[in-house]
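Shared between the two complexes below is subunit A, which pairs with subunit B and subunit C, respectively.
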Partner chain A sequence: MSNIAVQRIKREFKEVAKSEEGAKCEIRVELVNDSFTELRGEIAGPPDTPYEGGKYHLEIKVPETYPFNPPKVRFITKIWHPNISSVTGAICLDILKDQWAAAMTLRTVLLSIQALLSSAEPDDPQDAVVARQYKENYDVFLKTARFWCSCYAGAPKQASNGFEEKIKWLTDMGANEQVAIRTLSSSSWNIEKATEELFS
Partner chain B sequence: MADNPEAMPECDSESSGARSRKPASNTATEQSDPPEGSMFECNICLDTARDAVVSYCGHLFCWPCLHQWLETRPNRQMCPVCKAGISKDKVIPLYGRGDTKHEDPRERLPPRPPGQRSEPENSAGFSSFGLDGGFQMSFGIGAFPFGFFASSLNFGDMRPASPQPGTPQSEQEQFLSKVFLWVAILFILWLFLA
Partner chain C sequence: MQAFGFFRNKVPVGLHVNVRTNTGVNIQAVLDPNWSVNEVKEKIAPKLGFPASEVKIIFAGKELDDSFKLSDCDLGQQSILHAVKVVRVSSGNQATGIPLPTALAHSLPVMDSNQQGEQGRQIPHFYVYCSSCKKMCVGKLRVRCAHCKEGAIIVSRDPCSWEDVLTPLQIPGTCEVEGCGGDSVEFFFKCAEHVPSVDSLDALPLNLVKSNTRDVPCMACFDVQDLVLVFPCSSAHVTCLDCFRTYCQSLLQERQFTYDPVHGYSVPCPAKCDNSLIRDTHHFKLLSAELYARYQRFGAEEFVIASGGTFCPQPNCGMGLMPHPDCRRITCEHGCGFVFCRDCRQGYHIGECERTDGSECSSNTDDRQAYRVDPERAAAARWDEASAISIRVLTKPCPKCRTPTERDGGCMHMTCTWPQCGYHWCWVCQNEWTRDCMASHWFA
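And then the complex of A and B:
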């Protein structure tokens, strides 16, 4: 790894820790190995979103050519969001691609991802299924995103929408729980549709 | 600064606090951290800028850092901070006094673009170009029409700072030079006929 990359990551570490957002535990980074090539990020779900109360872990891979090329970031924590793959955690965000600028830092990247959670762009989706639900059935989208947040990101459980019962019904039939949640979410919690997709 | 006792404590606490971490001899401490929140950090490596250049949008970089950024995306060159258009020719090198002790940074690779020195303009203002032209014309016609004819052909090149094409200024200038050209031609014809 180039000297400038290591130097920068070290500085950016301090920057995140000292930042206002870092002090409020809204963003965090930690090392995964000693070589500074892989980091673990954490962002808090922003208030007034279905992600509120959740803690989201991110995989951050620092390329050899950092900061001239962007870090590779993906969600480890599962999330239901039009611009984030519900399967792989891949993020569709311009600053992580062609809008990257060398003056951006881990702090600005984490804050941009946090901002993406507050303002989805369903017309430029990463996950087409989620994006369609967002546009066609926003209420179900909100409930599903909220459910995933309590399921995977540690947010407190909310009033049941009958989701648990539907999941149990499918797992009793032999489906894997994660697969059941994904299939039900994708079919907007239509149990017939989900059953058909899983067992036919 | 020292004359104003009110401003001293505030100013002092910030800068001397930062400075006290650096001993006076700067040879041994070149690798040490720059003062926190320094204004002279390169926006790319976040270290104190070396071989510093500043973009027209006012952002400071090490020349090697900016050069590498421009090389990374040759077809979409933008300021790494504000994303304004930027290029090799659109940065200004900064020469601090301490610079002269070291070797000329331009001899190192990649070369830092040279500073551009334009003559100060003695008459400011928008309309002065037109007035200048008018004066040149009457002088040229009176004294030596052929000389003027030649000089009017070189009109654009002779200006120390000729305006960008497409601006109202350059249109105005082009119009004037055409007018002068025709006046000169008519004048020459009149000389022959007379």
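And then the complex of A and C:
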């Protein structure tokens, strides 16, 4: 890895730790190996969103040509969001692609991703299913996102919407729990549709 | 030609300069840097044959004031001073006698002037690429008559911007060479790091390189370095020279330089500001020789493509060709002589192009059969063919410009990697990216 990239990452590491957001535990970053090529990021779900109370882990891969090319970032924690793939965790955010600029840092990247959680852009969706639900059935979208947050990101359990029963119904029939959750979420918790999709 | 040998006895560390008159006489002299201009006149006047009061000394476009000290003039070894007999009283419209390099410290806003409080100022540094030293050097700004190319010319005003310096004929002047009558000046640069010879070429000004007198951190590594490159964007973003090289290298490796019809093959500032393309591509001389060669090749190729040209497809040829736009049969003229079809880039043929999928063998003619080849050995030894096949297997061509493109993860939404194309296309449909692609197969 080039000297510039390592030097930059070391400094950005400190920047995140010393930042106001870092002190409030809203963003965090830690090393995965000694080479600074791979990092683990963490952001707190922003308040007044279905992600509030959750902790989201991110995989950050730093390219050889950093900071002239963007880091590759993806969610490790599963999340229900129009601009993030519910399957792979890939993020659709312009600054991670063609709008990247060398003046951006790990801190600004983490804050931008946190901001994306507050304001989705369903017209540019990474996950078309979630985007459609967001636009057509916002109430179900909110409930689903909150459910995923408590399931995968460690937020406190919310009042039951009958989701657990539906999941149990599918797992009792032999479905994998994660697959059951995703299928139910995609079909807006319509148990007939989900069953049909899984078993036909 | 006369030598002022007697100066050498008095001045152990002297400035060796050439004094040239407007009548073509050339005198070598050794001067003490602590002398005033008046003292210089006293010393050289007898050798010129007219009284000191009638001599005016011109250096870098200015008549030097009597009281000026030589050490304040950015005079280097082997510099040329022009000694001219006063024929008329200088009129008021000429710039004052502060030597030009010093005056520029004030007039060029972004130039580093290295000011040191009240105790006088240092002469500003210019950075140039010197083709003799083959590296970036400290440079000297000089002036000459645009007509006769002699230095005995007085500028009518100081340049106020790099525009004034880099654009020829921008500033009027009065040439003192007899019978010339030139009335405009041109600025040029010399390398200050090697002793100039008569046939020294002008050095190439690297006007974006500056001494980091304001301690601006590099936008890439955040270090404060002595030398920086200031991009021409409105924010004047700064990188250190090492990061500039790395930046260019990372773009060049992926062929991501921008082709601009006016400024050529260049890069914007790393923050991608508007209008931040480097306009003087000599700055890429800062790259290693190998990278610069690649830069030149890519730049030439992009120019050929932008002008409607194509390249010879023969291995080890690749000659740039500018065939007639309507002609499908192209001959590699001045190159290998290969005649090929513009559409399929195979040998020229009559009728429609054949689709090549790599599986077909070239037809063996009878006279080749005596030469038997072990097919296994041959398969193992097919380096070029193997990479051609793996490119074919791993990539899909951009539907618009045919650039082979590999998808290494992410979604199916492809953006053509060739900056001059940038087409948005769908990996599945191999056609333009649409909302339907987004809805039905964004991921798989």
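Here is the rule we go by: the second predicted complex is superposed on the first by the 200 of 200 C-alpha atoms of A that agree within 3 Å, B and C clash if a C-alpha of one lies under 4 Å from a C-alpha of the other, contacts with A are read in each partner's own complex, and residues count from 1 in each chain.
Going forward, a contact is a pair of C-beta atoms (placed from the backbone, for glycine too) under 8 Å apart; a residue touches a chain by one contact, two chains touch by 3 or more.
It should be emphasised that the depicted structure is a prediction, and the values quoted were computed from it without experimental measurement.
Engineer: Consider subunit A as the common anchor and indicate whether subunit B and subunit C clash or fit when overlaid.
Structural biologist: clash
Engineer: Kindly classify A:Asn176 by the partners it touches after superposition: subunit B alone (first), subunit C alone (second), both, or neither?
Structural biologist: Neither subunit B nor subunit C is touched by A:Asn176.
Engineer: Return first, second, both or neither, reflecting whether A:Asp127 touches subunit B, subunit C, both chains, or no partner chain.
Structural biologist: second
Engineer: With both complexes overlaid on chain A, does A:Arg11 touch subunit B (first), subunit C (second), both or neither?
Structural biologist: Touch status of A:Arg11: both partners.
Engineer: Report for A:Ser35: first if it touches subunit B alone, second if subunit C alone, otherwise both or neither.
Structural biologist: neither
Engineer: Would you mind checking which one, subunit B or subunit C, touches more residues on subunit A?
Structural biologist: Larger number of subunit A residues touched: C.
Engineer: I'd like to know which partner A:Ser85 touches here: subunit B for first, subunit C for second, both or neither.
Structural biologist: After superposition on chain A, A:Ser85 lies in contact with subunit C alone.
Engineer: Please indicate which partner A:Ser118 is in contact with in the superposed arrangement: first for subunit B, second for subunit C, both, or neither.
Structural biologist: In the superposition, A:Ser118 touches no partner, neither subunit B nor subunit C.
Engineer: After superposition on chain A, which segment of subunit B among 8-16, 62-70 or 170-178 overlaps with subunit C?
Structural biologist: Clashing stretch of subunit B against subunit C: 62-70.
Engineer: Across the two complexes, find the residues of subunit A that touch subunit B and also touch subunit C.
Structural biologist: 4, 7-8, 11, 65, 67-69, 98, 101-103
Engineer: If you look only at subunit B, which of its residues touch subunit A in the complex?
Structural biologist: 43-47, 59, 65, 68-69, 72, 76, 78-81, 83
Engineer: Going by the contact rule at the top, pick out the subunit A residues touching subunit C in the complex.
Structural biologist: Those residues of subunit A that touch subunit C are 2, 4, 7-8, 11, 64-65, 67-69, 85, 87-88, 90, 92, 97-99, 101-103, 125-128, 132.
Engineer: Over in the complex, which subunit C residues touch subunit A? Could you list them?
Structural biologist: 219-223, 237, 239, 242-243, 246-247, 250-251, 253, 270-272, 409-411, 415, 438-440, 442-443
Engineer: Which residues of subunit A touch subunit B once you look at their complex with the stated criterion?
Structural biologist: Those residues of subunit A that touch subunit B are 4, 7-8, 11-12, 65, 67-69, 98, 101-105.
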